[in-house]
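Two complexes are shown next, each including chain A; its partner changes from chain B in the first to chain C in the second.
Take a look at the complex of A and B:
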């Protein structure tokens, strides 16, 4: 079974073709805001280099967040039309789960942390389990200081991975946490597809139209009350730019 | 040749299907008006989320209307700009997913150009050169379509788009969003000459300014309120609308005269305004100019116009690479 993985929920974008034995092909880009331009050519690149026809793909796995909203939507919109057209089943996974899965060989508790911008972080805690990781608790969003307090109260030396750990290195260095480096800084499509593969085998899949991003913030969260007042006075299509939510919506 | 067109530049998730450049097979629009109404304007993040929720269902509904399967589609066209970045990216990404899955050409379309070319679905092949006014909540532009099918922008609003001015005044006098249709309705019972609101016609340029008019209307309403005079809102709406229409008609027809063009196309959501249609019809009649206005469903943002414009590009041998970028400020080049 061949799985196409798409992961665009962080500042990084990646694509991979994975089967039970290996990562057949992968492409990854660490330049922010390029999800929209990178993903489709990268899919074609992987297929061409591996000399694989789209018909041989058995399922599509895609990162559903939490993460950067614009990137998330690029991955999900691409996955939806691609999978629907080819009648493929879909698995949506959190990039936090993938981050933890990528360091599953550790014996420490794992905290996956993705930079949510505006001084905030998306995070979740995990422990290694046979063949993977087990999430402990909910997917969270909060200030970096709040994450530091959570890590400190854990009572064990936690391994923190993800670009949330890189961005907030100074705040988290105050704790006893061990910080992962850039090698474990982002969820990669290869890890995502590998984590998703058993779900395809067990047919724990959804239809493309059932894919939903995990935002963890309201769509109008960035509109302060002052701006809301102005909006009520009437701001037309071009005027409400300040309100684009979690991320880097101004460019791709 | 069946072309599927996707439009997500602002607050409508729209998919159209056009056969052989001129025949409309489907035109499905999932409107977000109700989502944005509480804010009195389009909120970009709200728009982008709703586009993603509606994208796949809208594609599937359009296919059903056309009686086609996705495998029957020969090419996919998509608005790549101008518009809201997060909104555009949903459509562009969805289009790429289709192009990849079915190994069919992708073609990026300019939204303003698509508004003008929508008219070919009802009036047959456009015979440029012609002048067009593209007027909506997001844009107010006067453009020339050259004999070779290329576009050139002559002027545009330097502040509010016409639809935006309608929204703001509607909001101020307590009407619903979007304001255009509400003002249009209210103005029918009013006197367009009751109030002398300013027309910022400025100089010989084809640019327009509408924010001064908006301010003048608000100042007049406040003055009456302070003086204890109950305004006749129908008269206010009619006078305000007349001022906007005057500016659009005068600038567009002056552009046509200066360029020596005798065909005028009206396009965009505000082209649905009944007074604007009436005045253009009268004036073009007097001047002996041919006026082309699409029906209302093809004036407001729609996917059929994108499919039509994409079909024209494909016929000219133009396609886009899979790395096609969404461009919020895409210019009307070539």
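Take a look at the complex of A and C:
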């Protein structure tokens, strides 16, 4: 069983081919926001270097967030296209789960934290369990200070991994937490595929069209243009309506 | 909300560009500049000046129809316009470069999406001068600890136009 892993939900992009025995091939890029340019050539690179025919891939695992919006969509769209084209099953996993899985050998409670920008963090708590990690509680989003308070109230020295721990080092350093470094800064496709592999074996998979990103943030609020009418067109709400009409006409 | 507030005077689009270019010296990666002002007030003009101050070689044009443009400079400059957007989600959909920690983001009509903006930000409102067609008043309001630390530098950079 060979699994293709795609993880582009953070500033890092990575691709890996993993089977039951090893990480067969992997490629990753630490330059932010190059997901779209990187992912297809990286898949080709992994296949070519491992001298593996694309037909041998048995499933596609992809990171479904929470994380960066465009990155998430690049990963999910690529996984959908790839899996639909080759009629492969799919597993979608949170990058937070992958981050925790990557440090599963620790005996401490684990907090996976991904930078959500604007002083906010996505996080979840985990404990090591035989063969992996067990999540305790929900995936969360909140201010770094809120995460610091949660860590402090945990009652044990928590290991914090992910770029959330790097970005908010100062805030989190005021807690008793042990902060991971850049080696544990991002979910990697190899860890993702490794974590997903048993699910393919147990056939706990979904169809490509069933993949859904995890956003956590409620961003469906409308922009308050009606209160900005004066500036927007200089003539109040009527000006705003006119702009909307032009918008629809030119984009249809 | 407290912060650093400056009022500047510009007598022409060229002066607006010079003010923005001078202000660009104070900008660092991760900065967010929210621009507001009537259509034709000179928001894009301001970004053009800031771009030259950041060492951007490419010509900066209005992003109203493209929505977001990215320019290579001393710091990467992301120029976006939320004028044609409807929801906060649309702003995220512009791409991950908007509000990125390693770039300077200049957001036209950024005050309309204040809920998405970081605590540390510079708001620039450009107002027509009722007495002079070419002249503008620039109201700069800087928020957050990062800008408090740079208040003196911001004031010195723009002192010529106070």
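Keep this in mind: the second predicted complex is superposed on the first by the 218 of 252 C-alpha atoms of A that agree within 3 Å, B and C clash if a C-alpha of one lies under 4 Å from a C-alpha of the other, contacts with A are read in each partner's own complex, and residues count from 1 in each chain.
In the analysis below, contacts are C-beta pairs under 8 Å (C-beta built on N, C-alpha and C of every residue); 3 or more make two chains touch, one makes a residue touch a chain.
What you see is a predicted model, and the numbers here were worked out from it, not measured in a lab.
Of the two partner chains placed by the overlay, neither chain B nor chain C lies in contact with A:138.
When both complexes are overlaid on chain A, the residue A:117 reaches chain C alone and has no touch with chain B.
Shared-chain residue A:174: touches no atom of chain B or chain C.
By the touch criterion defined above, A:85 lies against chain B but remains apart from chain C after alignment on the C-alpha atoms of chain A. For chain A, the partner that touches more of its residues is B, with chain B and chain C as the two candidates.
Of the two partner chains placed around the shared chain by superposition, chain B is the only one that A:44 touches, whereas chain C remains out of contact. In the superposition on chain A, A:204 makes contact with neither chain B nor chain C. When the shared chain is aligned, chain B and chain C each come close enough to touch A:70. Common to the chain B and chain C contact sets on chain A are residues 69-70, 219-220, 222-223, 228, 231-234, 243, 250. Against chain C, in their complex, chain A makes its touches with residues 32-33, 68-71, 115, 117-119, 167, 217, 219-225, 228, 231-234, 243, 247, 250.
Within the complex formed with chain A, the chain B residues making contact are 10-11, 39-46, 48-49, 51-53, 55-57, 59-60, 70-71, 84-86, 89-103, 137-138, 160-161, 163-165, 167-172, 177, 179, 321-326, 328. Here chain C touches chain A in the complex through residues 36-39, 65, 82-93, 95-97, 99-102, 109, 112-113, 115-119, going by the rule given at the top. Chain A meets chain B in the complex at residues 35-41, 43-44, 54, 69-70, 73-86, 208-209, 212-213, 215, 219-220, 222-223, 228, 231-241, 243-246, 249-252.
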